[in-house]
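Inspection log for the structure reproduced underneath, given as structure tokens.
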Amino acid sequence: MTVAALSITDLKKNFGPAEIIRGVNLEIEKGERHAIIGPNGAGKSTLFNLISGGYHPSSGSIKLNGAEIGGTKPFQINRMGLSRSFQVSNIFANMSVRENVRCGVLYSMGYGYSFWRNVGNLKEVQRKTAEILERVDLLDKANLPAALLPYADQRTLEIAITIAGGAEVILLDEPTAGMSHSETDRAVALIKQATEGKTLLIVEHDMGVVFNMADRISVLVYGEIIATGKPSEIRGDPKVREAYLGDEADALEGDAA
Amino acid sequence: METIVFSLLNGVIYGLLLFMLSSGLTLIFSMMGVLNFAHASFYMLGAYFAYTISEASSFWIALIFAPILVGLIGAAVERWGLRTVHVNGHVAELLFTFGLAYLIDEVVKIIWGRNAVDYRVPELLDFPLFELFGAQYPAYRIFTLFVALAMLAGLWFILNRTRAGLIIQAALTHPHMVGHLGHNVPRIFMTVFGVGCALAGLAGVIGGNYLVTDPAMAVQMGPIVFVVVVVGGLGSLMGAFLAAMLLGLLQTFAVAIDTRFADIFGFLGLSETSEVGAISIASLAPMLPFLLLVIILMVRPRGLMGDREL
Amino acid sequence: MKLVKSAALAAAMAFASMSGASADTLKIAFIDPLSGPFGPSGQSGLNEWTYAAAQVNAKGGIQGKQVEVIGLDNKVNPKESLIQFQKAIDQGVRFIAQGNGSSVASALVDAVEKHNKRNPGDEVLYLNYAAVDPVFTNDRCSFWHFRFDADADMKMEAVTDWIKGQEQIKKVYIIGQDYSFGKAVAAAAVKNLTAKRPDIEIVGNELHPLGKVKDFTPYVQKIISSGADAIITGNWGADMVLLIKSAMDSGFKGEILTYYGGSKGAAVAMGESATGHVKAIVEHNTNLPMSDAHAAYVDGYEAEYSEDDYYYHRISNAMKMLAMAADKAGSTEPKAIAFALEGMTWEGPTGTITMRADNHQILQPMFMSTFSKDGVTRGVEDLPLGWTSGANDRIEGEATKTETTCKMKRPS
Amino acid sequence: MSDQTVQNFESLAPSAGQKFTQRVLPLAVFALIILIIPMFNPSNLMLTLLNVMGINIVFALSYNMLLGRGGLLSFGHAVYFGLGGYAAVHAMRAIENASYGDGGFWASYPVFFLPVIGFGVGALAGAIIGWPSCRRAGTPFAMISLGVAELIAAAGFMFGSIFGGEEGISGDRMNGPELFGLSLGPINEVYWFIAFWTILGTVGIYAFTRTPLGKMSEATRDNPERVEFVGYDPQRVRYLVFIFAGGFAGLAGGMAAVQYEIFTPEAVSLAPSGMVLLMAYIGGIRYFAGPILGAVVLTYMQSMLSDYSEAWLLYLGILFMAIVMFAPGGLAGIVAGLFNGLRADDRSERVSKWAIMVVGCVLAFVGLVALVEVAIRWSNGYGEVFEPFGMHLPTASVLTWVLIVLPLAAGFAILRFGATRNKEGQA
């Protein structure tokens, strides 16, 4: 039996009296693309923060490739092979695009806190950086200051930094939020291509993106997962339809078509 | 016994003076995030204005007008200085106030000279109130106590019983919320900065003749004000009050202790004549605030009563 | 580009070098604070040196040379003093005068010693008018250094000599700043009191951090509770003023014996209530009985510098002795003057003044002056208050003489 | 990947030529300036000043490792400078004792390498004090640095055996083995010593900015949260940078020990910490050369301006405030702006704009100087009168006030005009 890439058991998190995550169980296989959907306030971001080390779980366990990571610091989790992006662009604004990606590459290539090497002379770092930039199609903007990029490109850069470290498990927090239709399509293609062969956990509002990309989908409502399954199973699940009222249910419907 | 009574009395009065001085900074820091380096300079301005006004008229007029004047200058500084710098972030703001403190020092030296000025306790209060264990207790110190208490009561009233106060309270704990409520944030900032400076000015009016009014008084008081604010905690006037009291009492009590390190750590073989052994607790008293500052920031960065970390 | 600009700057500086020495002036570089918190006391010193120079020049100067005093601002910073010292050397200065801060004095003694060793024939003489750390005339004495003020230990000799005559003082409290000077004063006080007045009880001996105490009331109440009838303190600046103010506010009835009670700005801060209680050990006060010539000198100063009071009498002594030494040596070469100054004795306005040959320390009469309301003909800081002393308050210079550990190395 | 990528990655990084003009050339010019200055036969005073500038350049650059590159505002950087310097002076004494006494390790240690000791002790102090300080950036870091600085400054006066009490500790640099034929006695020989270490320190600090740690320090300044998600511990990054900054400050302290041959407790106090902050910020913390510029200008001001005006502290304060408010890029930012502007397309427009600004600044400055100088003479009360260019400007005269108010008002009016024109231009 293979170990799950990510395995969450009875995960709970409360802030004071408010229980945000109320017992989540989830298994994600290696190489799987898994999406989490749910209405606003369901606790999706909290769940992400718990997995990536931003918050400490109140109880329960989170295992990455079989190793417990609940309550571990983000940088340690990252070194164990999990990387994440942010809902709001979270890049190094005062650096160039190339330097941004390079920051993502450095640690994974073993240059941690090195202070005896010149970054300019690290050929493999340069090569890896260029590879990533090419993969996300930012090569021609490599030497621009990151803060001057258009919004969609900043989102792309966000993803580029996330995948730069070569993590096997990638968490993407609403990667297409705020993008136009054509930009979204491009982004989806890019994510698919860039995360080829990796385990992907994605939170997304755009149902089109979700049903297009995910192998499996979990539905998070009020801190609990009410359903997990293939897109077709989720689409027909009455509990899910119940949770999604009005427009969003239509959206489910519409995408099913 | 007498040591305890004296230390208690002095500690409380010194603590209240510290609180008067730092309450304004707590307001400013909590709302605007500006740790105003020039806060003690406004305290100094208060003392100098009070000196000039009381030379021309009387101490009582100075008691009212000097803080108002200082408040107006503070508001002007916020309006035409700090606001310009705000876009460049907190470090730039901190540096702005750092430079401002420097400038105020120099300007005060030019206007009032580089030596102490003869700012006296008003004659009405210049008598020993009572005698305790052979030492006289000046009436002015008790007056200080009452002014501080009156200020405390006034502040409490404004914050808890007026609309403006409630807005400020909301802003203290949730600075980002005020804008959403449709209030004019720049004007609130300007007002708070002005009022904070006025409170420092009031402390200057009271402290200037209690201590000495000279151009060094700002530098002397500057760092300790930070200690009070940081130890007290963000957004908490109560915390600032407690911290000021704690510092006042800590320092006065430490002075009263003659114990040397050699007496405490003698069992470790520390000798009376060694450099470390000869250090007495009393001689360390003025260093305690900074020790406390460092320890608090390490152990409990939110301060005694703060609702969030710095 | 940024670098080009700094290059231009550096080049500009290189060309802006100073003019050389001119033959017919004798330059004294006054290296003391002229700005910042200690600016006022430095400025006073500069005024008195300038005035003393003008007086000498009016009589034809020193060996026919006009004396010029150049004020150089060292910000009481030892490192900055060394830069200003170099500035002085480049201007052809052969005499430097300094007084504020033993840290500065320490740097300058060292620098002068090294300069003279490394530049024979171009020696510099250091006239110390106020840095009182005994070490400069003991372990670290230098042939090129002359001190015109009594050192801290000598002042304590004078203070304790005076206490010897004060039967009413039974209990003494010693308080000082927690650094080398404060510790030295406390140690000297204990040593001298036990020797000269074994019956006196030292009821407290305390050090507080330098310049950090805002309210001295707790200390003062400790002092009052101890029943002390005299306080001895070497405190200066705010530490002294705040201590005295607190003592007066708390109704301390005894004497406060200070080193620096007479320093600039203190009188205003202490106020009238301190009169009769605060005493200072000094070589001169402006209410001493004076000869006409000396009175004219003092009044002339106070007229010319109306904002200032005549305080550093030793500066006038130093200038006169410099002139006398030059006459004796027939030269204005620092080396010759230094040899001529050694052992020089003369009758000054206050009595016999001697420059010790063994350690270059001056011996002069000292006065325990009291801050007073009455008997004041010349007040200080535009107040009707001033410093006075009576017949019993005079301590002869010879009585303040201390043993020295100096092993003077004289140039051949 | 394909050959295409390999090619791209080669072209991504700056070309050898770019690298040379951007990185090597400025440092080479800097070194060259230092090397040719002695050919102009500067006076001893100038040499002294240049030496002090060298020391301050390294000190300010080390400070900027924290403030500019790491986003850490420290109010106690002189602690590391001072401790490094003290260690070097103690070592200097050990060399002196060893060469006249029993020999041993110190007898063979050249004074020339004292800055190494300074570096080690500065870094050690950084490692000890940085441990609690670097957990947080921003205001908590600033406050801890202030508290620590106060404590160390107080300790400086309490522990005589280390700090030598008020007189400090002094040594003699002319002992031990000589290196490169330098006895280090005369000031021009010390110049070469300072030059060597200034260049080494500058190159070292520059090289540090090019290392992975240096890069991550900038990343941590910009976005500590994100740094965590690329595998770095921001606390660790700050801590390591702090140690290096302490080390280079100690190096500057070691240089100062040889230059001055004395260290006093004043060196660990708050004043030099404030001074180095001013140097770095006035010079420009966003540019590598900024602190160099700041160190040169402020060292000159500190030692020479006081010859012309006792109000030099006030001018320094005004300069600082003007930089904070109107030119956050500092002097280096202004220089860079001019340089870039001259190459921009709208050159003529920019030049006319600058001309207006310069005229406004000069006028306002003239009025300000007149005001300050007249005021300070009035304040002193010695009856001295401000007499620039043979004019006689007593406090009470109408001419004086005309000369103050007119340029001030005109200057500010012009500056305002310039500013509004800019805004319209942008709109």
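By letter and in written order, the chains are A, B, C and D; residue numbering begins at 1 in each of them.
By definition in this document, a contact is a pair of C-beta atoms (placed from the backbone, for glycine too) under 8 Å apart; a residue touches a chain by one contact, two chains touch by 3 or more.
Here the structure is a predicted model, which means the values were calculated and not measured.
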Exercise for the section: Return the chains common to the contact lists of chain A and chain B. Expected result: D
Handout entry: Identifier of the chain whose CA centre is least distant from the whole-structure CA centre
Key = D
Exercise for the section: Out of every possible chain pairing, name the one holding the most C-beta contact pairs. Expected result: C-D
Practice task
Taking each chain's centre as the mean of its C-alpha atoms, give the chain farthest from chain C.
Solution key: A
Exercise for the section: Measure off the straight-line distance from the CA centroid of chain A to the CA centroid of chain C, and report it in whole Å. Expected result: 74
Problem - Averaged-CA centre spacing for the pair chain C and chain B, given as whole angstrom - result: 36
Completion exercise
Rounded to the nearest Å, the gap separating the Cα centres of chain B and chain D is 32
Handout entry: Touching two or more other chains - residue numbers and ranges from chain A
Key = none
Practice task
Scan chain B for residues touching two or more other chains and write them down.
Solution key: 283, 286-287
Practice task
Can you tell me which residues of chain D touch two or more of the remaining chains?
Solution key: 154, 158, 160, 311, 313
Problem - Listing of all chain pairs that touch each other, if any do - result: A-D, B-C, B-D, C-D
Problem - chain C-touching residues of chain D, taken from the complex the two chains share - result: 26, 29-30, 33, 37, 40-46, 48-50, 52, 154, 157-158, 160, 165-168, 170, 172, 185-187, 256, 260-262, 264-267, 271, 287, 289-290, 292-293, 296-297, 300, 302-303, 306-307, 310-313, 332, 335-336, 339, 380-383
Practice task
Using the touch definition up top, name the residues of chain A that touch chain D in the complex.
Solution key: 52-53, 73-75, 78-79, 83-84, 86, 90-95, 98-99, 102-104, 106-108, 111-120, 122, 126-127, 129-131, 133-134, 139, 142-143, 161-162, 164-165
Exercise for the section: Quick one: which bits of chain B touch chain D in the complex? Just the residue numbers, please. Expected result: 33, 35, 81, 84-85, 88, 90-92, 94-96, 98-100, 102-103, 106-107, 109-111, 113, 223, 226-227, 230, 275, 279, 283, 286-287, 290-291, 293-294, 297-298, 301, 309-310
Exercise for the section: Mind listing the chain C positions that touch chain D in their complex? Expected result: 1-7, 9-11, 13-18, 34-36, 39, 43, 47, 72-73, 75, 77-80, 82-84, 86-87, 89-90, 101-103, 105-107, 110-111, 114, 118, 133, 135, 140, 178-181, 183, 209-210, 212, 305-308
Completion exercise
Touching chain B in the complex, chain C uses residues 37, 39-40, 178, 206-209, 211-215, 217-222, 224-225, 227, 238, 241-242, 245, 249-252, 264-265, 268-269, 271, 381
